[in-house]
Every structure is written in structure tokens, then in C-alpha cells.
Amino acid sequence: MRIRENNVEQSDAFDETGNRQFQRIKQTAPAFILTFVIAIATWIVLSGKFDMFHMTLGVMSCLIVSFFSHNLLFYNTDIRRLPSAWLRFLYFFPWLIYQVFVANIHVMYLVFHPHMMDLIDPRIIQFKSRLKHPMSHFIFANSITLTPGTVTVHVSLLGNYSVHAIDTLSGEALPGDMEEKISRILDE
Amino acid sequence: MTEHYSVLLIIMPFLSGLLISIFGWYDQKKCYAIAILCLFLSIIISISLLLAVMQNGEPVQYRIGGWAPPWGIAYHVDYLNGIVLVVISLTSFLNLAGARKVIEKEFSDRIGAFYTLYILFTTGLLGMVVTGDAFNLYVLLEITSLTGYALIGFGVNRAPLSALNYLLMGTIGASFYLLGVGYLYMGTGSLNMADIAHLLPAIYHSRTVMFAFLLILCGLFVKMALFPLHGWLPNAYSDAPSISSGLIAPLTTKVMVYVMIRMVLTVFTPAFSFSFAALNSTMVWVAVIGILSGSMLALFQTRLKRMITYVIVTEIGYMVGGFWLGTRDGMTGAILHIVNDAMMTLCLFLSITLISYKIKGDRFSDFRGIFRKMPVTMTAFVVAALSIIGVPPTCGFFSKWYLISGGIAAGHYGFIAALLFSSLVNAVLFFRVIEIGYFEPFSDHGANSGHVPEVRMDEAPVSMLMPLMITAAMLIVLGIFSGDIVTRAIQFAIPASII
Amino acid sequence: MDDMIAIILSKYNYWTVITLMMIGLYAMIVKNNLIKKIIGMNIFQTSIILFYVSMGMKKDATIPILEHHPGMQEHVYHAADYINPLPHVLMLTAIVVSVATLGVALSLALKVYDQYGTLEEDEINAKIRKASVKS
Amino acid sequence: MDIVIGFLLVCGLLFFTGGSIGILRFPDFYSRLHPAGKLDTMGLLLSLLAMAVYVMMDFSIASFLTGLKILLIVVIVFVTSPTATHAIVDAGVRAGLKPWTKEGGGGV
Amino acid sequence: MKLIGMISIFWLFIVLVYGTSDFSAWGDPESPCNLHVSNYYIEHAMSDTSVPNIVTAILADYRGFDTMFETAVIFSAGIACFFLLRRPKYDAPEAVVFRHIQTGITLRIEKGGRLPKESDEFERIDTQWVPYDLVIQVTSRILVPFIQLFALYVVAHGHHSPGGGFQGGVIFGAAIILFAVSNTLRKTTHRVSEKRSAVLCAIGVLIYAGTGVCCLLAGGNFLDYSALSGLLGVDPVTARSHGIMMVEMGVGLAVTMVMIWIYYNLSSAGKQHEGL
Amino acid sequence: MDAFFLYSSIYLSAVMVLSLYRAIFGPTVLDRLIGVNAIGSKTTALLVLIGLVYHRVDMFVDIALAYAMLNFIAVLGASRYFQKIKGLYDEPGRR
Amino acid sequence: MEIIYSSKPLLAVMTSVFVIPILLSCRNSNIRETWTFIAGFIKLLIIVSMLPVVLAGKQPAITIYEVLPGLALQFRVDAFGLLFAIVASFLWIITSAYSIGYMRGLKEHSQTRYFCFFALSLSATIGVAFSGNLLTMYLFYEMLSFSTYPLVTHHQDREARSSGRMYLVYILGPSIGFVLPAMLISYHMSGTLEFAVQGFLPDQGNYTGLLVLLLLFIFGFAKAGIMPFHSWLPAAMVAPTPVSALLHAVAVVKVGVFCVARVMTGVFGTKLLASFELNTVICWIASITVITSSLIALSQDGLKRRLAFSTIGQLSYIVLGIALLSRSGMEGGMLHIAMHAFGKITLFFCAGAIFVATGVKNISEMKGIGKRMPITMAAFFIGSLSVIGLPPCGGFISKWLLLMGTVQAGQYVMLAVLLTSSLLSGAYFLPIVYNAFFCKPGNNTFQGGIQEAPAWCVVPLSVTAMFSILLFFYPQPFLQLSRVAVDSFLGGP
Amino acid sequence: MIWQVEFIILFLVIICGIAALWVKDLLSAAILFGAYSFMMCILWAVMGAVDVAFTEASVGAGVSTIFFVAAVFRTSRRTKD
């Protein structure tokens, strides 16, 4: 089963010198620890058992997860700025929920309206956002999907959005208020 | 360690299969050594198990996990499966022993995977035979099947398609078996074979038991390719790589026949199977039809491997029919034929492996002058052919002897006629091949001076010839010692209630 | 009439099992497309799983995880309170087997497609016939 | 408290119903995504919230954690659902589905 | 064919329905299958193994042998897929396409050109153009660790709640498959290479079988975990519980890796070059 | 409260029929995908409801959680198909 | 009947098997053939050494191995078997000599294979002769069938192929289809297969069942050439002449007849046959074969074919003689095995010699050949006299006894049949001799000096011719053996 | 056990199964087969077989659908029946 890899071979960590490895550890350590903390918190919620045996298992599991995916959860992220970003996100969240609720009422209204076909006027609108960070793009796109009458169709790397709007009214509001708030979260 | 033999028999190949799959990624050379070593050990273990059974006169029991049988899974080795165990490990070993070069040629980039599949296949078969738990049997059956599909699917031509068909049919069969076990469980609440047999007499009249019986038989028939359900077999076996079909063809169907015997004799007990369900004569007639049509279909084939697959279908008819005759001789014949047929088929497929190592194609016309090219191989082939035809002193004769005498005892002359007919057809079939190999290329001119263009002798390497010759010799040795096999082992495998 | 209803109510589960089984079997026998056959195979296997699970069903019983409180070690468990766990165990195995079979079946189907460029059985057979005529 | 739970659950079911009917009624694939993406998420949110509250009512650590777990489902759904919607709509665009418009008709 | 199929199926249906007539009613607690063996399990599982989840107790202990072979089945499925599909030698692609992630510019490098190192800046993309979908990638990045954690939780808590090695393993595998689906197969194989997955799944099964062999060596029967009590320094019942845990871990590892392995081979038709 | 949960679960499973209609008769594959996604979210709720009816919700929550996660993966995988293969209907000649 | 343990029968059977590896490994043809001779002589010596023992009324026997419970591979030498074995092994040596001449003369291919299978079939023949039970007999019978197949098809051309096919179908078909079930049925009826003096079948039984069983046996041993199953014999004439001599005069056909006779005496027993009058049925079948085959022989032009049909008729004499169940008849039948063997082998040798020397196969082309090959044709004359049954040849004695037997049994129809057939055989043999010596060849083919076949050919045929005459004057060993055998079969003098 | 729910789901399961086989597009068939698995999962949860339901949820909803899609992706979506 000796498989000849046709892929472009990557130079793995093996041929790096010890020093560079140390550098790498230093770079990844905060992400690792943070992932571990989050994982432990989640574990406690999931597990609900606090005896020695299960906690040991939990720590082991969390180590495995952090080992495997510390560079997934925090990718290209400045970790020092994270806590404040989360706080601001918490501030943003109720507003989002409210928007979602409004959006749902709106769609419910459409759904149960006997002359629904007259009310809707679907179209795809496009605009450019000034957001930069992938995370904020992600939050923005998902928020658009959840809020009134709009679904994100595509987000390009440079911030070009195309959005499907169910009627003209909901499309007009974009990018608008929400972009402001999101950019404030991640401090851009 | 001796008391753990029955479980070691399964665990040792299993572990070595896993080890092979790991070694396959690092050092391919070790794979063959491990595989052959573990198969050899399993021969030793299975023989010593059989001897232990013979010495003690009672089954060897083993409790896995230390749980008593109805709660846990128990292993159970008695005369019947002792014999089959030896056959399986021997066949598997002989087939692999000389095949290293073929394997390296055919599976050059996946040798480790091949050996792993091979060993796991054998493990599954051994486990199926040795287990005393109806559901455990299903799991092991699936291991066997899955590895078998893979081994077949890597063949030539339409092998993937055949393997897929086999997979579908095999799944139907296994699922029917599973459903039947479910019915049994519903009726009795147990999965252990002995326990079921103990609980069953109280509910013989129930339709649930009857349907369980029918479903299990149905599933097994699909798996063993009894005639109307044989559709998957010829394609699958003939398209498979010859080394795989050399493993699968001798063993799968025979082990399924064993499972049928085990189910009917041990689980449902003869009392139910032969008098309550009263399927005997129906089953024998089905077998008769199977024998006849298998032989007829074999006549129309123009490829050797395909022809042999139909012969296998016929042989299944022998065993099923002989078993369902319900007489002692018939059952003896069926069980003896499991042993003999495995060896015969192995010998045929081994010689085909050797032939295909040297000659491309397996149409009859490709075999011209093969007697001069590979005399030793063809001698073994002829021995196997004679054995399948049923010529003494090869082993095929003796099982046929018992089968026919079972038929006489049961007064079932249709079965006898079918057996004889198929023997004749087998003679025609094999002599057709032998004729081509022997006569052609023949010279039409100068009949007496007989100048046959000389074909250079070109035998397969000795390492491959050795197992073949051992197998061919086994055919004769088994034949001569079949009396011993019957008196020392098989007759104890059949319950005393059957006359 | 009441008897009929009683019978239906006590057996409808099994009848569904048989219906599903027949659907799967029909697909495996009749359908022309290999992937469809594989789907049929999976339906067939699930129906058997359903059979086992409904077999182990008990009225007024709870799931087979013991209500276990660390304080009371010497609690006696009544079998009637818990659904029969054995069929579940068996069916876990069966599901695993079915997913394994699915994997192998799909890879075989891939190989077939690689060879013939189609998944329809009749087209494949036609191609095989054409190839055998040619040679 | 029961009333609150009941109300939340009924609301959730209502949203679910709306989602299902919306999927049926809307004219094309893109507009169907609106109820599917929003109403189902909302329905799930509300009904799971109701259940979480119900579970947390007789308070113990175990039940509290169970409630949290239910809420964890909500969180996960909140992350995945818009993404799934987005993925589907993206697939639709790439597959070449023309959106239905009032003027041009079109769509499927 | 259709008609014949329909008729025979219908006939079989009638026969099988007739066969159900002797069944005990659905949900009947007094039916034979609910009385004989299973009652023993329900009543003794706790005292025998101290595992409240009876299903886990039966699965890994009473019928642990079944489960070992169940793992073997899934392992052999992985091997079978590899054996059937893997095509290590295929024609090298004409050109290799790279994308500069920040700008989205694609670079096409013909045969023989110098390849940039794959990094945060450059990403190799498939011959068929793969969109860089920001939303999906970020979601998967967020989700994958949690799914993995959940999978491990499921493995670890098989004793007390539904789940166990197999379910956890599948979920863990699914997490990695999610990563592969949202990113590229190539990126995934850099994290979990094929060789690693193959070897690990064999090791997973070996853990299971090895536990059994340990029991054998410790003087008990095969898979009789209580024989390990001396080794672990606990009483036999707890030893059984720990034995079950070990076994579940083995199953989890094996199943995870097999799922990944099968996915690799299926989604790339054995080339493991570009996936779904 | 039990009865309430029971009826809610019955209602929810009835509502599923509507989504199933879209899943079966949806003109395009993506419509089916929407339908199945909707079924998935309802199933998640239904599982927890069943847990409540059984009074063992802590056991069922795990399933629901796993369900929510894996449903996403399935939908993502199915939609991923279209990101690589263009065209709503089958494109010949791809291996 | 005293049974003594002796390993001689086994040795006799195995001698030629042991020699096969030596033959296979020998590259030099002289060494190879020397080994053949040595083996043949050793075998003959072993067999002859049992003669006094058997004549003293003892039976050397050996049980090799019990293959099935109650059924052993077993050898037992009785007078009948020994008679046959002596004839076979003796003639074998001569045939070997002849075949050396023949094969070398024609420069045949694959001579090693030829000698190997030659030896193998000799073993099988002796095995049949010495077998102590039906199973052993069946085993060696089948072994003989398969080992003669390569001999029959030695030429490997299309004709050989088709006749080889025919040979197999006719031999193998009935043996599997008829003998095997018959054997099993009789095993089921009596629980043993060991030949007994008065048969091992139980005395009671219904007529139809026994008749069917008997017919199964008789037609099953198709090597005996009873009429519907005779066609393989003429077809097998494509074989090299030594082989056909062996096939048609000694081994194969005689094995068939021997088996039939064994079945009649050892399985059924004379009493059972007589009590159900089953022998009459056989008599009729045999007599039909006798007459028909003689008539067919008249119309054949190919010399070997004519000989073949003659053989079919002569074989039925033996069956007929034994089926008469009268003392002289049985003696005559048994003796005829030997007498006919010597006569017929001479004839075949002559045919082969003619072919080697001149390449002629048909009788019509043989006019005047006597002048050119006097020794051969003289031997031919002696041989035909023996086969017709005229003095001073061995054939006369056996035929005389046969005629006596019919009178003793009161079967006058059979007497007529025998006489008619003798006349007919005179009619198809004597013209050949007449033509050979007294006619002028049509187109001057055989003018010129004497050109006999090589000495390796001529010497054996003269030896057999001499023996034919010698047996008229000194039939003692065979006559005594047949007397002993008949004594035991009929239960004392 | 909640037989009312179960009754409805059994019905849906059959419909899903038939639909998965009836639909003339393999990708749709794969998706509908996913739906079939969802239904089965509920069914088992309703019947109290939590472990089986869990397994089905993880296998049927996640892995096996992905496998199907991958297989369809590597072959073709076309089907005649």
C-alpha cells in the first residue's frame, strides 16, 4: 500500500528546526489554551458529571480537540482583542434577535396572506460592503439571511454581496444599520 | 492455553489481519509471512480442537466474556464443526501458500489490503462455523461477505458489476437470515442456538417458528446459491481474480451448507425439521432440479471458470439434497461432501490459478496443448476432475456413494437419477476440457506418424506447484481415509435419532 | 369488527415492516439503476431493524437506560419498567453492518461507472454484449 | 409558568406551520428559502426555549445543564441554519436557476 | 419484469402478513422475547457492570464479541473501499491551479512550473473551479471543534446516556468530513493523511481485540473484563465498566478513521486528489 | 403538561407532511433539499418533545444535538454538489 | 475354502505402478523398455507362484484398508481370477515385445506416455482379477477405463479424438449410470459387497427387482460388449495395434466379461440365478449378440473391424457359457477367456504386422499377401482356427466344452446358436486365409520376395500362435483352474 | 411509546421510501433517502430505542447521505427509473 502521492508535497513540521518549532508553539499556544478553555466549558455543559473519571476523560477530550482544531476556531485572529469583541457581540445579539423576530413576523404575514403573490416582488440586489475580516463577513451574511426578507446569495472575498430580497422594501435597507453594528463589534 | 483454543482460532487470524493492514503501510514484505504463519497456526489449532473433541467425546465449550450461554456468546465445537474448521483453515492455507507471486503480480500496489481481506475472510468463516450464537453468526457472515465482495470486485472484465450483484443478493440472503433469527427470538426470547433448541419444542405449532424456519432456510439458500437462487454465483466467481475465487469458491457455499445443517439439526432439531415442517421431499426435489439444471447450464459454457461455477451449483444440489433426504447415509454424504467438495474445488481453482499465471484467457480454446505445456498442473486438474466425476479412489466417489445410498435408503430414486446424470455430465464437461488440452493442436495429416508440433514445457514455479500437488494428493488420501472420517467423526455429528 | 381493529392495532407495525421490506425488495429486483438498487437494499435492511425494534417494544415502559441515582446502590430494577434492550443492541450491529455494506456497494458502483460510463443495468448489459461480440 | 411555556411552544409550532406552508406556497426556489430559513429557525428557537424552561423549572444542577444543552441546540441551529440556507441558495445560483420575478415570471 | 416483480412481491407480502398472525401483540410486555434473556440483562446490568445504559452494557460486555466483529465489519468495509477504489497512479494533471486567497486571483501553473508553497496566502484549488465560500468555511471552522467535542462526549458518556463508541466515532468522522466538504479534500488529507487514518483504524480495532487478549492473558476468558481488576486495581464490577470504556474508545477510533477513509476514497473516486 | 407535549408532537409530525410534500414533489433538487432541511429542523424539535413525553429528556437531547449538527453536514454536502457540477440536470461525461 | 493371508496379490497389482516413476524418468528408450519387461516378468512370477496354492483350494487374500465401514479395499485370489490374471500377465509380456517392434517400426511419438499407461492398465486388470469385493472391482475397472483412454487416443488426431470420446461415453456412462446404483442397491439389500461363493444377495427377493439389478450389472460393465453397448469396440480400433490387441483380446474386453461373470457367480450366485431362471435371460441376450455380431462381421472390409466384431461375438460365448450354469458350460466359458485370448491376440498381431510391413488395412487388398508374409499369414491361419474352434487349436477345447454345456443344460437353441456362429466365423475368417495364399494380387502389389515385418513383431505373433496350438494339447493349468472355479461356484463336484 | 406519533411517522416512512425509489434523479433520491433516515430516527426515538436512534441519526442523517452524494458526484445523476 505504498501510495505515491501526486499532490504537491508539503514540507512538514519535521524538517523545521527546533527553534522554528518553538516559535510556532509560541504562536499557537494562546489559541490552543483558549480553545481548551472553551472546550472545557462546553464539556461541562454537555457532561453534567463531575466525578474524577469523567473529568479526566473530559480533559483528555478537550486536549484532543484543541490539538486537532486550535487553528480552526481561531484563524487569523488577534486573540488579545477577542474578549472585548465578544462583549460587544453580546450587546449586538438582542438586537439581532429582535430583527429576526420582526423578520419572521414579516414572512409569516406573507405566508398567510391570501394574495401573497401580489405582495412579493423578489429580486437580487448587489452592494459592496466595507467589512474586511472574514468573521465579520460571516456574521453579516448570516444576519442578512436571518433578518427581514433577505437571503445572502453570495459573498465575494472583496466584500461584494448579492442578496435575494423577497420584496423591494426589505432590499432597500441594506447594507444600512446592521453593517455599522457589526463593524463596531470587531472594531474595524 | 488449551482451553482457549476455540477462541484463539478466531482471534489469532483476526489480530494478524489487523497487524498485516498496519504492516502493509510500512513493510509489505512482512505481510505474506504473517498471513501464512497465522493460517498455519490456525490449521494446527483447528486440528487440535478436532482431536480434543474426539478424545473427550463431547463438545468443547467456551464462554466469551465469562458469561454463561444464554446471556453471553458461547463457542461450541463439536464433531461437525471440528471437521469444517479443519477444512477451512487447510483450504485457506493451501490457496495462499504458493500464491505469493500471483498476488504480487496482480495486486502490486495493495498487497497489505489484499492479505488483510484474505485473512478477515477466513476469520469470518471460522467464526461462523465455531459460534454457538445465531446472531453472532450473522455478524461473522457479514464480515465474510464484505471481504468477499471486495475480493471479487477487484477482478477483470465485469467483476465490479458481478460483485455488486453478489452484494445485493448476498444482502437479501443475510437479511432474510437475520429476519428469521428475529422470528426465532420473538418466539423464544433467546439467541443462543442450544437455548433456542431447548425452548422451541413448546411452540412447534406456532406459525412464527415455521416462518422463522422458512426465512432462515431462504436466506441460507440465497447465500449458498441453491439452484433458482444461484444467479449471482457464476458471474461473481468467474470474474474474480483467480486467487480470490480459489478462496471463495471452495469455502463460502460449503460453509453455508454447514450453517444450514447446523440450523436444521441443532437449532430446529430433526424432530421439527423432518417431521413437523415436513419439507424433506420438497427440498430434495428442489435439489434435484438444481442438480439437473446446474449440469445442463454447465454444458453450455465456453469458459472454464464459468463452467466450474455451474459445477459448484450442482454440487450444492448434492449436499442440500443429500442432507434433506433425512437418512443417516444421506447426511453423512452431505457432510463428507462438504469436506470433499471444498478440496476438489480448491484443487480445480488452484490449477486454474496456475494456468492463468502462464496463459491468458480462460476460454476452452486457450487451453490447446496445455498438457504438454504444464503437465503437472494438468495432472492435478485431472485428479480433481475425476474426483468431481466420482471415480474411485478419489474422495468424490465416496461422498457420492453415501449420497446415493442415502437416496436408496430414503427410496428417493429421482435424487439418485439426478446424481448419476450429473456425474455423467461432469464427465462430459471435464473430458471436453481435457480433450482440448490433450489433443490440440492436433495434426490432421499423417495420422500415424503423428507429428505434433512440440509445445515447450513451461510450468509454474515450484512454490506454486507444491500446494497444488498437496491438494491433489489430499483428494486421494481423503478418499482412502473417508471410512475413518466417517466412523471417527461424521457419524457422531449426526444426531442419534436419525437412522 | 372490534376484533379486526384489535388485530390491526396489534400488528400494524409488523405490517409496515413487511411493506417496507417489500418496497426494498422490489427496488432490488426490478429497478434498473444500480444506485436505486442500493437505496432499495438499505430500505430493506432498515425494515428489518424496524422489525427488531418493534419486537422489543413494551407498553408503559421507559427507555433501556436505568434510572440510576448515585445514592441508592441497592436499587432493584424491574424488567417490566424498561424496554427490551437486546434488540437494540442487535440492531446497532445491524446498522453498522448496513453502513459498511453501503460503503462497499457504493465503491463497487463507482467502479462499475468507471468501466461502463453508466449506472443503468440494461445499458451495461448491452455494452457487455457488444464487447463479447467484438472479441 | 406553564402558560409561558405553552405560549412559547404554541408560537413555535405556529412558526413551524408557517414555514411548512410557506415552502409550499411560495412561487420559486429563492422565495421558498425565506420561510425555510427564517421561520423554521424561529420555530425551533421558540419551542426549544419552551422546553428548556420546562426542564429548568424544577431546578437542580442536572436539569439546569440539560436546559443548557437544549439551548446549545438553539445556538448551533442559529449558526447552521443561515449557513445551510446560504449554501442552498448559492447552489441554486450556480446551478443556474433563474429567480422568479413579478414581471418576467421564470423560475421553476 | 416489473409486472413479475410486482406480482411476486405482492405474493410474498401476503405470505409474510399471514406469518405475522401468531405474533404476540405489539408492545406486549408478556411476549416471550421480552421475558427470557432480556430480563436478566435489565435486572443484572447494574450489579454486573455498573453501567446504567443497558444497551452499552450488553453491547460491550455481554455481547462484546459481536461488537468486536461489528468493528471488524466496518474496518473491512474501509479496507474494501480502499482495495476497490484506490488509484494511486493516475495521470498527473496538465496544470495545477492556485488561488491567492486575499485577492481571489487564480494562478495557473503549467507542468514543470515552480509550485508555490501552500499557505494562508495560497490555496491550491481543483481542476474544476472551487468557489471560495467564506460563510461556509467560517461556519465549519466554528462548528468542527464543537462537533468533535460532542463526539468525544458521546464516546465518554456511553455508560450513562445513549451513545457510545460507534455513534461518537461516526460524529467525529462526520466533523472531519464537514471540514473536507467545506474546505478541500487536500487540506483535509494534510491534517489526517490516508496512511494515518488507515493505520489508526487498524489500531482502533486492535485496542478492542487487545483488551480482550489482555483479559485472556490476565487469566480470564476472552473479553472477560473482570479479569483486569488486578491490573487496574479496582473491583471486578468497576473493572468491567472500565473495560467497556476502553473498548468503546477503540470502537470510536476505528469508526472515525474508517468513515474518513471511506469518504476520501468515495468522494475522489480513489484518486484522493480533489474531493466533493 | 404531558398531554400538551404529546399533542404538540403529534401536531409537529403532522406538519412534517407539508414539508415532505415539497421534498417529494419539489420540482428541482434544491427544492427537495429545502424540504428535507425543514424536516430536519422539525425532527430536532420533535426528538426533544419525545424526550419530554418519556420524562427522560436528558437522554434525548444528545440525539437532537447530534441531529442538528449532522443535518447541517448532509445539507452542506448535497448543496456542495452544485458548486462543483453546474447545471440543474445531469451533465454527462464526468468521472 | 481356506483363506490365507498373503501380500502377493497386492504386490502383483502394484508392481507396474511402482515401475511408472522409473519409466517417466528414463530418457533412454532401451532402459525404459527393459524396465517394462522386468516388471512384467516379476508380475508373472508372482502370479504363477500363487498357482499351486490356488489349485490346492486355498485363496490368498489381503485386506488393505477399510475405506468405508464394512467395505474394504480387498484382494482375494480364487481360481477364476487367477486364470484370468495368468492369461493377462503372460500375454502382456508378449504384447510389450510386440509393441516395441510396432512403435519403433512406425516411429510413434510419446512412447514414454504409452508405456506408462500400458503399465497402469496392466495393474488395473490384475486388480480387477484379484479384487475381493465389488467396490475394489469397480475401483480398478474405472482405473482401467481411464488408463486406457490415452492409449486409445494415442494418435491425437481427429479420428482418435472422436473414437476416444465414444470409448469414454460407452465405458464411463454405463459404469456410472448402471453399475454404481446397482452396486449400492445390492449393498443396501445385503449389507456387504464381498464376493461370496454362492453370491451375497439374499435369497429372497422379487423377480423383477433382481432382473433389473442383473441387467444393470450386465449392461453396466459395457466393456463386455453385450449388444446395445458394443459400438465402442469397433470405434476404438483407431488405437495402435498393440493397444487394440490388448483392448480386444486380453485386457479390456476380458475385464468386462470377467466382471459380468463375477457378478453372476459372486454377487448373485448360481443358485439364485437358477432359482429365478435369470440365466435364461442372459443366455438370450448373449446369443442375440453372438449371431448379430457375426453377421455384421461378415460385411466388414477393414481387417481390424472384422476382428472387432468377431471379438464381440466371442465375448458373448463366455457370458453365454457361464450363464448356462452347467458344469461344462461354465468350464468352457472360463477356458474360452484364455483360448480366445491367445487366438485373437495372434490375429491382431498379424493385422498389425501386415500394416507395419505393407500399410494395408483392408481385407480386399490382401489378396496374395501370403506369399510375401508366410509366417504372419500362417499364424493368422492358426489364430483363426482357434477362434473358429477347430482342432488342433486351443479354441476347440473351450468350444467343445461349451457345446457340451448347452446339451447338459438342455438348451438346444443355444447349441444351434453356437454352431451357427461357428459356421459364420468360419465364413468370415477362412476366405481371408484362402485369398492370402491362393489368390493372385490384383495389381501386382505383393509380388516379389518375402518381406516380413520386423522381428519384434513376428516373433511374438509366432509365439502366441504356437501357444494356441500348444493349449490344445496341454490345456492343463487353465482347465484345472476352471475346474476348481466351477467346483466352488456350483458347490462341489 | 407514543403510538399516535408513531402511526403518522410510519406512514411518512413508507411514503419517503417509495419516493426515494420513485424519483427520477439520483441526487434527489439520495436526499430523500436522507429524509427517510430522519423519519426512521424519530421512529426509533418514539419506540424508546435511543441508542438505535442515535446511531441512525449519526449514520443516516450524516454519513450515509454524504456517501450517497459523493457517489452520485463521482458517477452521474441520470436514471431512467
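Think of it as A, B, C, D, E, F, G and H in the order they're written, each chain with its own count starting at 1.
Keep this in mind: contacts are C-beta pairs under 8 Å (C-beta built on N, C-alpha and C of every residue); 3 or more make two chains touch, one makes a residue touch a chain.
Quick caveat: nothing in here was measured; it's all calculated off a predicted structure.
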item	value
Reaching subunit G from subunit F through chains that touch each other, fewest steps	3
Relative to subunit D, chain with the most remote C-alpha centre	G
Pair with more cross-chain C-beta pairs in contact, given E-F and D-F	D-F
Centroid-based (C-alpha) most distant chain relative to subunit H	G
Mean-CA-position distance for subunit E and subunit B (Å)	32
Whole-Å separation of chain centres (CA-atom averages), subunit C against subunit E	18
CA centroid of subunit A to CA centroid of subunit C, Å	38
Chain centre separation in whole Å, for subunit G relative to subunit B (CA means)	43
Sequence positions of subunit G contacting 2 or more other chains	none
Junction residues of subunit F, two or more chains touched	16, 33, 35, 54, 58-59, 62-63, 65-66, 69-73, 76-77, 80-81, 83-85, 95
Numbers and ranges of subunit D residues touching at least 2 other chains	21, 33, 41, 62, 66, 69, 72, 76, 79-80, 83, 85-87, 90, 94
Residues on subunit G engaged by subunit B in the complex (per definition of touch)	65-69, 71, 73, 106-109, 135, 138-139, 142-143, 146, 150, 153-161, 164-165, 168-169, 172-173, 176-177, 180-181, 184-185, 187-188
Touching residues (chain side subunit F, partner subunit C) in the complex	54-56, 59, 95
Of subunit H, residues touching subunit C in the complex	1, 6-7, 10, 13-14, 17-18, 20-21, 26, 29-30, 33, 36, 40, 43-44, 47-52, 55-56, 59, 63-64, 67-68, 70-72, 74-76, 78-81
Residue ranges of subunit F in contact with subunit E within the complex	58-59, 62-63, 65-66, 69-70, 72-73, 76-77, 80-81, 83-85, 95
Subunit E-facing residues of subunit B, complex	4, 7, 11, 14-15, 18-19, 21-22, 25, 62-67, 70-73, 109-110, 113-114, 116-117, 120, 123-124, 127, 133, 135-136, 139-140, 142-143, 146-147, 149-150, 153-154, 160, 183, 185-191, 199, 203, 206-208, 210-211
